[in-house]
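Report on the following structure.
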């Protein structure tokens, strides 16, 4: 409905909305309300832009904007296509919800250095949108690094001994992976392919045919393990360590923005740099599928053993992320759609779970699952949302998770990978094993010995519960009406 | 008229400033400071004019000294490469001059104008070396800049004298090897002008002459000693780290970079590409040396407790990058090496200024001085972060693009050792600077380490009154005269990074030697 | 046998300068006393000066000052005069040598004043304290 | 450690000996050094500068840019020694330097000095002035002139010499000489020729370009003479008294 030139500027505005908010937030540090207003304004503008672009992308055209031509053959450029749109919509919408939740959480616990917190929050969202809209591997790498750096102060927010250890591990893995593996891979790809721009379709990648198979394999696995944010097994150790951060950080970033960026980059590289045909020809897809399924299974088993609620959610994230990579690795159209839609479903479900963990902590200062006995009756809304989100994680019918699991299973069948189907079923069993007891104990269990439960309903403040319920509702809604996001995913297919 | 005299004026203006500063002994510090600024600004203006002229009509300026035709007289040659380095040297000198208002006055309470005279003399030497087209003239200017750097470094505290003495001895060995190399070339060719030498050396009968090879290896060995390439770098760290703040800001970024420029000039102007990479088959050994320099330099820097020692070892490592880039023998490697001269000059200047500001304010030079720097000196902290990002090679800064070209060149040439070394060096640099940022962010690490056991668990903390509020640290920012150059340098790191295309297309692309 | 003899006799100036060169270099690197290092440096520089000046000699040529024939016209035959260029270069190299020597001696005095000794090992010990 | 350096140096020596294979023999007229540039200097030198002593021509005209920086090197040495050694009055009192006491025992020395020094100084001026026609020039003359003052300081004492030639005057001459040299170059620049192109002086001096070059060379030699002379003095002042300028050797 707007003129085409508006759509040229829209991605830039979306990108820079939170960037522009950064100085404003920093200045209005002394007046919290004004500061929060800036965050909301930026979040609103960003979502509006992304939403407008969504309409335009649905109409079938791709927006290309070149910011700076950095090298004769390379430029920092934005490109809005349906693949990027899925992730952009999710992260910009969830930023609004997370912003409200964060304000409630920070005010509730009167955290120090809130201004720095909000500044880094805005910066990391700008980086997330940058990754979503990047047109070539260089731009994506730039925003990937920016995300790592801007989330460091968030992870190290408490500035105590645990924060120190967690932040150090966080940076070691992320920077080690990106500078150590992705940078050389990117440069060698540039050396052999002559360009880093993503291919148009997902079939033919940009790697020229003549390159030696060993080089392609090395490059592929450098990218796979280089993007350490995707939490694939050997490079996942930073994620549980980063749970030291305050809950809003672990909610938005480690359930949605940071990890999704990792998975998004990995899938972007797999589809648009290597391309399905090359992966099929060298059977890279199958190898990745097996690696990733190892992650799914072991992460779920570890999650079983964790009594701390956030640690269990962290390991569940590690295994759920690998679903997305598994979907794409299977290379069959249905599996790819399943993988991509899981980005959306997992985002909404996991953010609800982390919000619940935060709300429980604010209300009752309880962290471990064993202490949650009988709390369901005291905090019905929180635990209701928790139950809905758990269903989505497990993949039960009415909720979003079922859609992606369904597509994954059909895709695995098309690809004729019986072993993968076994892995999917086994992991579903494991999901049930580590989510169901939490819900059951909360509603029907007895409180731990010697502690009497307060009578009546005593929830966390409304400003925290509202986002929880909203997120759970959306998670339910995209389960019932998946077409909302599936139309984008379907456009990715050739 | 003024334009075609620009090449000579670039060098004469700082020389006259140095002489006037010595003559007028009774000048107040402010007047001496003002005079120095005018001198540096003048030479920057003329070098920009010269570079502009070179770019517009796309061929080198040959300025005949004393109106004598080249092989007889001496000529200044300003082409794309030397024009670029001239602008870099004069810009860094101007920024350091602006920076030096407070630190120079504190370092030398008396004889400030003599200190500034030596400052201007060093800049004259560096500019003269870059523009000179005559091999022997380059030796004389090499000695001038070496001598004035001995003088500036000897202004430091007690231990500086011994460090400067070692530097003097090693520097003289380097310069004399270079002179001996000129001797061998002069015997075999009879000429001293670079282009004339190149023409004679390329003649068939001299292709396999042993003396020319010995002459080349002596010259390169001498330049490597002056450049502190890895095995010969022992003198650089304690010489630069014992110096005053302003001296370190002037010498560290420029001296080694101009020596790298001289190496490039010798390799690609005096000798041709195929001569170096065919008849002198050193490139394999040199690439190993460069990789060792990069990795060992960075690892030793990581192990340092003193801030300036850390930065000087980074300089040693960066020299490894440039040498490797030049010896990888392809266009991308050469572009990476030249671009890295620019990038590294600015990066080192930015870091030395920021660390100088911290030392100026806190008086400590150990890593502990970094505690709570984000609150105390926010602007300095941001400059430090940008400098560190550039050394690590994080994208928007120019450090990333120079590594981009270097790795690309090394990959095309199949020098995987060098690629691995560059990556390891960047990783170690990342660890080093995040160690520094950790101290800055977390405050006193020692106290944190010994804190009584856990009890924090996940998520937020216990007390409701907010975390033990960190000690309210008074904001003690560096003085304005230090902040302006720091911010300009940090900004230039990013601007240079974003405008790499222009720098490569208009400057470095033209200077790529034939044969690549 | 005699062409090896010619080889040695014909290039005796290079041997002389090489021998001096390596004496000086050894003195600079290996000697413990700083003053001996400076002396080594001077020998090293003198060797290079000798190497350069010896290039300028020409058999049967006189000092490069133009003579005038009986009819007051200058005799401009190049082979009659020695090569002036090395002499110019050497004048510069001598001056540079003197300058470096002066600076080295000044710094040595300061080291003596700060550390009380000019023996390298004692200085290192003093620095460690 | 010492044996290691000895071995390395021996190896380098052998390599460089091997290089001597294709070096031209000593004093061989057909060697490249004697056939490439020097014949042009010898043939055109006199014609273009009317100065018979070709070494001075090459020194002060063809490669005068080099010689200017030579003078700057000497100037730098004096400046550095001054900056490093000379200390402010309040620092001087602390450091007691032991000096040999020589009272009344050098009448013979002083007598001889009074005879020699004037002759030396006249000869030095001759050497500077006569550089065009006979071996000599700014450097050689400057050193002899400086030596005469050092002889004075040795026979009498440093304070005696400093009274005759103040340290400020020395510093002024050090910078003044190089300024004269560079000034001549700058004037040529102002007159439209390139830097240090003495033909530019033809306009001012009202002589032909060739003679202007000859006079240019003389001016430059005088500049260098002043610098070298005062640098010798400054070096002696500082090194002999360790920067205190109170009592020499």
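Read from first to last, the chains carry the letters A, B, C and D; within each, the first residue is number 1.
The definition used in the following text is that a residue touches a chain if its C-beta (ideal position, glycine included) is under 8 Å from a C-beta of that chain, and two chains touch if they have at least 3 such contacts.
As the structure is a computational prediction, the values presented were derived from the model and not from experiment.
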| item | value |
| --- | --- |
| Steps in the shortest chain-to-chain touch route ending at chain D and beginning at chain A | 2 |
| Shared interface partners, meaning chains that touch chain C and chain D | B |
| B-D or A-B - the one linked by more C-beta pairs in contact | B-D |
| Distance-to-centre winner among chains (Cα means, whole assembly as reference) | B |
| Distance between the centres, which are taken as Cα means, of chain B and chain A, whole angstrom | 43 |
| Chain B and chain C, separation of their C-alpha mean positions in angstrom | 31 |
| Distance from the mean Cα position of chain C to that of chain A, given in whole angstrom | 72 |
| Set of chain D residues in contact with two or more other chains | 16, 20-21, 23, 31, 33-34, 37-38, 41, 63, 66, 70, 73, 76-77, 80, 84 |
| For chain C, residues that touch 2 or more chains besides their own | 25, 55, 85-86, 92, 96, 99-100, 103, 106-107, 110 |
| Interchain contacts (touch definition) - all pairs | A-B, B-C, B-D, C-D |
| Chain A-touching residues of chain B, taken from the complex the two chains share | 389, 392-396, 401, 403-404, 407-408, 411-412, 419, 423, 426-427, 430-431, 434, 438, 441-443, 445, 448-449, 451, 454, 456-461, 464-467, 469-470, 497-498, 500-501, 504-505 |
| Complex interface listing, chain A residues touching chain B | 68-72, 109-112, 138, 141-142, 145-146, 149, 153, 156, 158-164, 167-168, 171-172, 175-176, 179-180, 183-184, 187-188, 190-191, 243-244, 246-247, 308, 310-311, 357-358, 361, 367 |
| Chain B - residues contacting chain D, complex | 1, 5, 8-9, 12, 15-16, 19-20, 22-23, 25, 63-68, 71-74, 109-111, 114-115, 117-118, 121, 124, 128, 134, 136-137, 140-141, 143-144, 147-148, 150-151, 154-155, 184, 186-192, 200, 209-211, 213-214 |
| Of chain C, residues touching chain D in the complex | 7, 10-15, 18, 22, 25-26, 29-30, 54-61, 63-67, 74, 76, 78-79, 81, 83-88, 91-92, 95-96, 98-100, 102-103, 105-107, 109-110, 113 |
| Complex contact set, residues of chain B against chain C | 136, 140, 143, 147, 150-151, 154, 158-159, 161-162, 164-165, 168-169, 172-173, 175-176, 179-180, 183, 186-187, 192 |
